[in-house]
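Take a look at the following structure, please.
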Amino acid sequence: MLINCVAYQDGKKLSDIPVADISEYIILPNAFVWVALKDSSPAELAEMQFEFGLHELAVEDALVGHQRPKIEEYGDSLFVVMHTVEVNDDGLHVGEVGVFVGTTYVLSNRHGYEQSFNDVRTRCERESHHLKQGPAFVLYALMDEVVDRYFPVLETLENELWKIEEQMFATPACRTTLEQLYQLKRKCVQFKHAAGPLMEAVSKLDGGRVPYVVANSTEYFRDVHDHLHRINSGIDSIHEMVSTAIQVNLSLISLEDNNVNKRLAAWAAIFAVATGMVGIWGMNFEHMPELQWQYGYPLALSAVLSTCGYLFYRFRKSGWL
Amino acid sequence: MLINCVAYQDGKKLSDIPVADISEYIILPNAFVWVALKDSSPAELAEMQFEFGLHELAVEDALVGHQRPKIEEYGDSLFVVMHTVEVNDDGLHVGEVGVFVGTTYVLSNRHGYEQSFNDVRTRCERESHHLKQGPAFVLYALMDEVVDRYFPVLETLENELWKIEEQMFATPACRTTLEQLYQLKRKCVQFKHAAGPLMEAVSKLDGGRVPYVVANSTEYFRDVHDHLHRINSGIDSIHEMVSTAIQVNLSLISLEDNNVNKRLAAWAAIFAVATGMVGIWGMNFEHMPELQWQYGYPLALSAVLSTCGYLFYRFRKSGWL
Amino acid sequence: MLINCVAYQDGKKLSDIPVADISEYIILPNAFVWVALKDSSPAELAEMQFEFGLHELAVEDALVGHQRPKIEEYGDSLFVVMHTVEVNDDGLHVGEVGVFVGTTYVLSNRHGYEQSFNDVRTRCERESHHLKQGPAFVLYALMDEVVDRYFPVLETLENELWKIEEQMFATPACRTTLEQLYQLKRKCVQFKHAAGPLMEAVSKLDGGRVPYVVANSTEYFRDVHDHLHRINSGIDSIHEMVSTAIQVNLSLISLEDNNVNKRLAAWAAIFAVATGMVGIWGMNFEHMPELQWQYGYPLALSAVLSTCGYLFYRFRKSGWL
Amino acid sequence: MLINCVAYQDGKKLSDIPVADISEYIILPNAFVWVALKDSSPAELAEMQFEFGLHELAVEDALVGHQRPKIEEYGDSLFVVMHTVEVNDDGLHVGEVGVFVGTTYVLSNRHGYEQSFNDVRTRCERESHHLKQGPAFVLYALMDEVVDRYFPVLETLENELWKIEEQMFATPACRTTLEQLYQLKRKCVQFKHAAGPLMEAVSKLDGGRVPYVVANSTEYFRDVHDHLHRINSGIDSIHEMVSTAIQVNLSLISLEDNNVNKRLAAWAAIFAVATGMVGIWGMNFEHMPELQWQYGYPLALSAVLSTCGYLFYRFRKSGWL
Amino acid sequence: MLINCVAYQDGKKLSDIPVADISEYIILPNAFVWVALKDSSPAELAEMQFEFGLHELAVEDALVGHQRPKIEEYGDSLFVVMHTVEVNDDGLHVGEVGVFVGTTYVLSNRHGYEQSFNDVRTRCERESHHLKQGPAFVLYALMDEVVDRYFPVLETLENELWKIEEQMFATPACRTTLEQLYQLKRKCVQFKHAAGPLMEAVSKLDGGRVPYVVANSTEYFRDVHDHLHRINSGIDSIHEMVSTAIQVNLSLISLEDNNVNKRLAAWAAIFAVATGMVGIWGMNFEHMPELQWQYGYPLALSAVLSTCGYLFYRFRKSGWL
């Protein structure tokens, strides 16, 4: 689906243009066309391929989807794949944004991602002194937006970890904690798959041999790279703490088990003593003088109770009860 | 066993040719011969070695089999070893495809792998504008096919993990889950041994000093490399989740143990109390007035029952029962 | 908030100057201006940006805060971000120090960090032969101070580990130990996020292509790098020992559990024997001659006691009690 | 001990020669001398050092032994250390083979390794077209042999793992399994110490700046490197599976424990119920009408039995028994 | 404290000289001065700094101590820091040796290390053909000595591991084993901190751009590097085996626990049966014919005993007792 198709010259918007006129605009000096697609059909992509002369393999990748985040050079154009990440009820939802960048065009194409990038366009049009730099700046603005949207996701995961930790040390261990830890780990792995390769890829736009089309904007991409670095080390921290939490949680469970066993042992001992004692006076020997005593029964009962009480006191003191 | 032996010129099929005529065709301009073998005998390989002038060490490797996936340069020809991977009942079945590529020939040779590569040939013959690029494109097409066949395997493993996870959190722990996790880990390790070294090897065909014979097709091999990257990070994810699952499963087992112990403790306490109480009235003291009461017996019984009931209620409330 | 704004020439302090006069001083030969800000407002930063011609992206980073430690080159100026680390009651408090360094100015700006760097300024003014080297030396002095303040933090963590270890092997396992280990791990991860990237960044100032502005001071930065190396390997050691401690602690818990179980088993056996024995003489058979014996009762009691005593002795010998 | 000392020219054996005549042969065109020593004495090595002009440090290393596998260049000669590995009853037996290679000589010297390398010599003499390449080919042949002898060791370890796995999932956990896993891990570590550094070292003979003496044989050494790569990744796989097996085994033990606990709980409950019930009718109340019933006793017994039977049925159904 | 101060020329000792005369000797052709200090005071170091023109930062490092092992170039002199390691009762004692090396001097300075390096001096003076190479050879000799003294430490740790392993598999698990494993891990970490960075540092003296002052002795430093490689991989092995041992030990503890639980279950069952049976005949029903039998009592007793005996036999057979 075509979202926008706008021509720009010298950092200023010329006008919304029909796709068919693209070729007339991209030959103007300092002009470029910025097209935004969403869940594009093969036909749309084919049209774009024709208009902009996109490389066959890049178009194929964009059609098939499920690419890793990457930045590929085809001659002097770039094909960038980024993953969008949203938190929903049962995990992370990962969408895809493909961006084709040439010297005279930017074509963005998102798949399975509802949020639009209109604010990026608005911001770019406002900062026309930057937009003068052409498609490279647009690419930067799109990347910056995608990456900036990673931060709330990271925060959500951090909060989740925070809650699990609190619950882990405050309440007895339960299956839910374990399942949450497992799901958090899974989300970290998913998130890392979005942010990790992108960081790697972006590092190629900053330093070393930089592709021609972004050569004048390396400082901007270094900034994006830096943000990705923070995202990634944030994920790594959560990752590591989750692993530790799983281990610590196992220890907590064992500790609880230990406590249960101690109580079990203590109560078993107390009742075994009582049962043993009353059993004694239940024996049928003829010559058991205490059985005839006037106060034999209450004495026996109090003997049993005081023995049990003493044991109870001992166990409590040694922390078993 | 010889499967096909076909000569091509300018991207078009000339004809099926007998092995003996190979040398006449490979001297035609822009022509090359594409031979497909299966479980080749030493004699067949020796013949091929003679026709194409293959390097002794490469031929030896192809004969012995059990090579790691690799790409080796011998002068200006390449020897490529790839592993095919199939899921069967008790693990992964790994086969081997060796490809010799020179400027005028492609010789593929598969071992222990039933599925043919005829569709690759069909596709290549259809896309004659690509086939013009010669043996390099054939190599790409073969690699692409082998790697594309990795994706369903990856999916199978992902589904397996998925099922184990569900079962792990839904039902009590059992030996089967553990054995499945162990086998899944084993499959990951096996799969990684196929896909990991191949990725490494392919990266040499894309960027840096590229072997002469594939110099004009690096973009294609970058695509293969990218797919292998996805496969490998997919395997790594499963790998990591399996390790976590093993740890979490241990915790689940301990937790269950904990619950069993709690129930054991609770029931033991309830019955110990009952036994102790009835033991009291089983004592033989002469002066136990309640024994003579008219309703002593039902009173005693209800005392025992209400005590046990109260304990039951307490344990239930504190989650032990 | 402006802390200081001082002009220096040939390593000597000229005078405290108002911000508005900065531009007059930085054109003097061998002169530079050193400004210290604290929790600067956007307006203050904007003024500084105007006076020193700071790069827009660097200023934005300084405003937003929450940057990773890094050293970035903008033309021939540097933007350095360092983290300050303080230990407080519930974890580590991390602040931020941003330093802009050009050939004629140093601008430091700290966020969320109360301790001042006045002693750095005092030391620099005292060592005027060093201060002659200009802004690079000031940068070194600031870095050296920040890094030197890491050492007491490292020591605190080492002491914490030390205490946990002692307690772990000396007293029975408890939740507190586990929570402390977990928190220590968290602190390590936090600390590492401050010290790790800084080390990486500083290594760029020593060896290889060194930024122009610090070119004559690489030996100093190598020293800082070396200190950071020590800090980092110190953190890594604690990290590793914490992981081991968590594992060992789990074993200690299991061991304790084992002991409790043994005791439980032993006492259960002793009382079960006693109960069984007294139960025998509580049977109502008519022909049980020992019941009529004069000393049947004391004999029975001593039989029970001596059996239990023997069991007790056996269990004690085998270490179960 | 001197095993052989043979002179070769143009790939053909000239004759067995006494050590003293070495210097006369190594000056012939295209000739070289191949000496094999076993557990050489200092005197023998000193003689060789004199004849071939070996480097002092290399000779010292050969004398002292216990070197890591390595390849060192001394001027235009090489000193190669390889480890031989044999499986015996209580672990791996590691021997050492040192090879000195110059343009006119090969001197091999094995320590603590009984198997001879005579078949290598036989093979080399048979393939005289290869032997023409001189000492480099001999070095290759020796390395190839040492590395080929690693494969059966790898297989033995794989089989060991296989057996442990089978036993682990088929029978209840026991100390033996754990000890075997531990020993297997130890063997992996030992084996890795032989094969890992050698792979690293051999990679220097293939690609990059290759030592002069082997410059014409890099393809052969690439082959050795490849074999070592397979060995090493084989060891890594075992390594990894052993670690997983240890973890899984712990889970299996816990699971078994869990089952034992469940059974314990179930039986305890059944007998506690029975004991409690018979205790009731053992009470001495005067008014317990069922005691006078004609069939009170069998009724009581069957009440007890059916209650226990019902419990048994319930526990069996819920999988506790 | 000054230990020695000796001047050498052409590899021969000239004489012991007072510190004040150093400057006269170091201008002689092919001469150098070798000074050994121990726990040097700031004043001594200042004197040396003046005599040899040492770099301020290096001197500061030597004064402060607690450096990581490192090799730093200052102009054409080197500053080397090595750690000495000694085993004592409660861990490793780590000392420090700092060596300043210039073209005309060697200054060694040890801290917290009692053993002298006099034998190094003796050996160097004996091998005057080597000593001719000047300060570089002295540096090599000192390094070689420090590293050689690592080997017995490594052996001690290996023996410790060995003992722990034996004890672990031979006797029941106990706290001591765990504490020993933990301490061994700690020692490995400490040792690694001494040997690891030194290896890294030494690798700069062998291959690549080598500092001028040691340029003619790279082969010697490669030898030291090689020894350090062995030390480090030895430590790594112990490290890894300790981690495995901790895991295996946990399994052994669990296994023991399992056995205890089984025994507990078995004995509990046996006694519960006995108690239940004797309880039956303790019931007060009027019509229990067996109570009147002449041999009822012995029959009952033997019924109980044989039931218990049968259970005992069953449990023993199934390995629970």
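Letters A, B, C, D and E mark the chains as written, and numbering starts fresh at 1 in each.
Operating definition for what follows: contacts are C-beta pairs under 8 Å (C-beta built on N, C-alpha and C of every residue); 3 or more make two chains touch, one makes a residue touch a chain.
As the structure is a prediction and not an experimental result, all values here were calculated from the model.
Peer 1: How many hops, at fewest, get you from subunit A to subunit D via touching chains?
Peer 2: 2
Peer 1: Tell me which chains count as touching both subunit D and subunit E.
Peer 2: Looking at subunit E and subunit D together, no chain touches each of them.
Peer 1: Starting at subunit A, what is the smallest number of hops through touching chains needed to reach subunit E?
Peer 2: 2
Peer 1: Nearest 5 degrees is plenty: how much rotation brings the CA atoms of subunit C onto those of subunit E?
Peer 2: The C-alpha superposition of subunit C onto subunit E needs 70 degrees.
Peer 1: If I list every residue number at the interface of subunit B and subunit D, are over half of them used by both copies, so same, or under half, so different?
Peer 2: different
Peer 1: In whole angstrom, how far does the Cα centroid of subunit C sit from the Cα centroid of subunit D?
Peer 2: Computed from C-alpha means, the inter-chain centre distance equals 40 Å.
Peer 1: Roughly how many whole angstrom separate the Cα centroids of subunit A and subunit C?
Peer 2: 25
Peer 1: Hunt down the residues of subunit A that sit against at least two other chains at once, touch-wise.
Peer 2: If we look for residues of subunit A contacting two or more partner chains, we find 247, 250, 254, 257, 261, 264, 268, 272, 275, 279, 282-284, 288.
Peer 1: Can you tell me, using the touch rule above, whether these chains form a line, ring, star, complete graph or other shape?
Peer 2: ring
Peer 1: Would you mind giving the ring's chain order, read from subunit A onward, with subunit B coming straight after?
Peer 2: Listed around the ring from subunit A, going to subunit B first: A, B, D, E, C.
Peer 1: Quick check: in the complex, which residue numbers of subunit E touch subunit C?
Peer 2: Within the complex, subunit E touches subunit C at residues 55, 57, 61, 66-68, 70, 72, 74, 172-175, 178-179, 181-182, 185-186, 189, 193, 197, 243, 246-247, 249-250, 253-254, 256-257, 260-261, 263-264, 267-268, 271-272, 274-275, 278-279, 281-284, 288, 290-297, 300-301, 304.
Peer 1: Would you mind writing out the residues of subunit A in touch with subunit C in their complex?
Peer 2: Touching subunit C from subunit A are residues 165, 169, 219-220, 222-223, 226, 229-230, 233, 237, 240-241, 244-245, 247-248, 250-252, 254-255, 257-258, 261-262, 264-265, 268-269, 272-273, 275-276, 279-280, 282-288, 319.
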